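Sending over a structure as structure tokens; questions will come in a sec.
Chain IDs A, B, C, D, E and F follow the sequence of writing; residue 1 opens each chain.
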Amino acid sequence: MDKAAAGWKKIEELAGEPGIQSMKAVEEFSPRLAQLALEFGYGDVYLGEALDLKQRALITLSSLITQGDQGRGLTYHFKAALRVGVTKEEILEVINHCSAYAGFPKAIHALHVFKEALENA
Amino acid sequence: MDKAAAGWKKIEELAGEPGIQSMKAVEEFSPRLAQLALEFGYGDVYLGEALDLKQRALITLSSLITQGDQGRGLTYHFKAALRVGVTKEEILEVINHCSAYAGFPKAIHALHVFKEALENA
Amino acid sequence: MDKAAAGWKKIEELAGEPGIQSMKAVEEFSPRLAQLALEFGYGDVYLGEALDLKQRALITLSSLITQGDQGRGLTYHFKAALRVGVTKEEILEVINHCSAYAGFPKAIHALHVFKEALENA
Amino acid sequence: MDKAAAGWKKIEELAGEPGIQSMKAVEEFSPRLAQLALEFGYGDVYLGEALDLKQRALITLSSLITQGDQGRGLTYHFKAALRVGVTKEEILEVINHCSAYAGFPKAIHALHVFKEALENA
Amino acid sequence: MDKAAAGWKKIEELAGEPGIQSMKAVEEFSPRLAQLALEFGYGDVYLGEALDLKQRALITLSSLITQGDQGRGLTYHFKAALRVGVTKEEILEVINHCSAYAGFPKAIHALHVFKEALENA
Amino acid sequence: MDKAAAGWKKIEELAGEPGIQSMKAVEEFSPRLAQLALEFGYGDVYLGEALDLKQRALITLSSLITQGDQGRGLTYHFKAALRVGVTKEEILEVINHCSAYAGFPKAIHALHVFKEALENA
């Protein structure tokens, strides 16, 4: 299986049909960014065996909360985290933990994005 | 046990005697920042039961890598992560994972800090 | 008075009834994040006597502008700043000052958020 | 010609009538921020002859993508980049390039803002 | 008095002879960056009358702590803050305040830079 | 030619023998991060034909200045920029341009790193 196929498979595992639709929208507008994201982001990176999908979800959410992601990335990865088995309680505690490391404004912003993600699930 | 005592105990668990000395240096110069860090950062935050210490270490490292921590925080938390049972391979993979989410410059900076932390351990 | 009560009182002082409603919305979804914010953020931190509420408002706004806060935090703290006696002219000058230290894109973003906060006040 | 006049002229060159309207909205609410932006941002900075407008557009877009600009600044400068002769393909490649240096979440956010900017052009 | 002269005068007021030497070092390597910093940063920005030098010092420090300044800017502005009358206690409380808004790693980094600035004063 | 080989070739083109030694040091400690950087960062990303190496250097420098890179990444890419034909004057103007978009503290930090890079070249 080539890297792009591995990437599509990983997106389906992480984010299901909505994830695939989301990447297809990227691909339609910028085939090369989709290719980079698929082959590198979802293909190569997720192939590493030292961390499982639940651990990666915690790491991804912490990075997105800390960088003050607008909402699109957070929404996508909150849903992906739930899908790979991170519980709602664990996600809330990631946000709590980040309040000390990245500050309350980013934690509270993330909380509202998470709440909306659950309501629109 | 009061919160400050809980905080000191958590620091010892996470970072051992060097961690305690490090917080004592903060306390000597700024008793109030030490108190806030102990009672809130190490007391309250780490009391949440939804995440264990290994999971918190992954989240902390991702936040520090993403915010481009100079080195002091990264060094402290790389050592703490090893101490609570995160393996060297898992830490390297946190850095790999962050290369896609926070970019290569921050990942490569973190790699060098980690290498130096191991050499000075 | 316990810390949480001190936190609620401080929120009322800073942000009035809308501030209380806002924290209650956080509390309903994540009681623990609300507790951390109340006891630490509004309780402990604001208890320090070395800075008054007007000075803290300037510091908070500068931090939010610099971190590129989306809008929720900025809106809340623009209103709180006015409430504790920072004038509109002083707030505009915080934004001007930050244009040199954090760049024009963040200053101009903050200006628009402030304008909307005044229009919806 | 004084600096403010040079600034207005540069805005017209970069962003046309919509750019002028946009700065006039800033000026109405905060004459001093508009003056700082005009005299320094558009006057002094763009007077440097070592870089041409196309090069400056690439640098500006990279800075905005990296700082996670909400959208207002990105939208303005995507349009300005096209106006001074940066092609759509070059802009897409700036975004691709930034995926490696600032991470995929910021690159994908920027892609969506660019897509919307083109649709509303 | 022209803007550059106003800028040099403001630097002397804020940072004394070491501040002037520091800007002269910038000027020797990049006359144009020194000019932009003098005329805009120290000339125009500090001319606004809505905030006094003590208030500006608080805002500057909060911005530098929040953006994770390496140390050069923080050291310069910690000393400038003391020079314009901000007390050591007030500076420590700026750092405490920022622990809640920008996270502990940045607050603790700033504390160490401040400690070193005082030791080398 | 496989992607890793393309990556090594691109590093040599951008950064010469010191660049190769630098990536070999990464590879020795973390073969997988080196592989990701080589295949994706230097292989895939730099293969895009819409931007040439000089344009990419401007974009990279703007991203590093804006994210407040400590120095390692900036030093590497200042040297690479000179190597691919960006002049010293153009680099100084990238820094000037970024003073308006990312603030003076990051511009002045970058200036000092650039000065040291030239002195150690």
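As a convention for this text, a residue touches a chain if its C-beta (ideal position, glycine included) is under 8 Å from a C-beta of that chain, and two chains touch if they have at least 3 such contacts.
From a predicted model like this one, the values you see are computed outputs, not experimental measurements.
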Q | chain E and chain D - chains in contact with each | A | A, B, C, F
**Q.** Matching chain pair for D-F (criterion: over half of the contact pairs shared, by residue number), options C-E, D-E or C-F
**A.** C-E
Q | C-alpha-based rotation, chain E on chain F, 0 to 180 degrees, nearest 5 | A | 120
Q.
Can you tell me which chain lies farthest from chain C, using the average of the Cα atoms as each chain's centre?
A. F
Q: Compute the centre of every chain as the mean of its C-alpha atoms, then state which one is farthest from the centre of chain B.
A: D
Q: State, to the nearest whole Å, the distance from the C-alpha centre of chain A to the C-alpha centre of chain F.
A: 28
(Q) Could you work out how far the Cα centre of chain A sits from that of chain B, in whole Å? (A) 23
Q. Per the centroid of Cα atoms for each chain, what is the distance between chain B and chain D, given in Å?
A. 38
Q: Give the residues of chain A that touch two or more other chains, as numbers and ranges in rising order.
A: 32, 36, 40-41, 45, 48, 63-64, 67-68, 70, 92-93, 96, 99-105
Q) Where on chain F is chain D touching in the complex? A) 40-41, 45, 48, 50-51, 55-56, 58-67, 87, 89-90, 92-94, 96-102
Q | Contacting residues of chain E [partner chain A, same complex] | A | 100-105
Q) Of all residues in chain E, which touch chain B in the complex? A) 68, 70-71, 92-93, 95-96, 99, 103-109, 111-112, 115
Q.
Help me check something: in the complex, which residues belonging to chain A touch chain F?
A. 32, 35-36, 39-40, 44-45, 48
Q | Residues of chain D defined as touching chain C within the complex | A | 26, 29-30, 32-33, 36-37, 41, 63-64, 67-70, 72-73
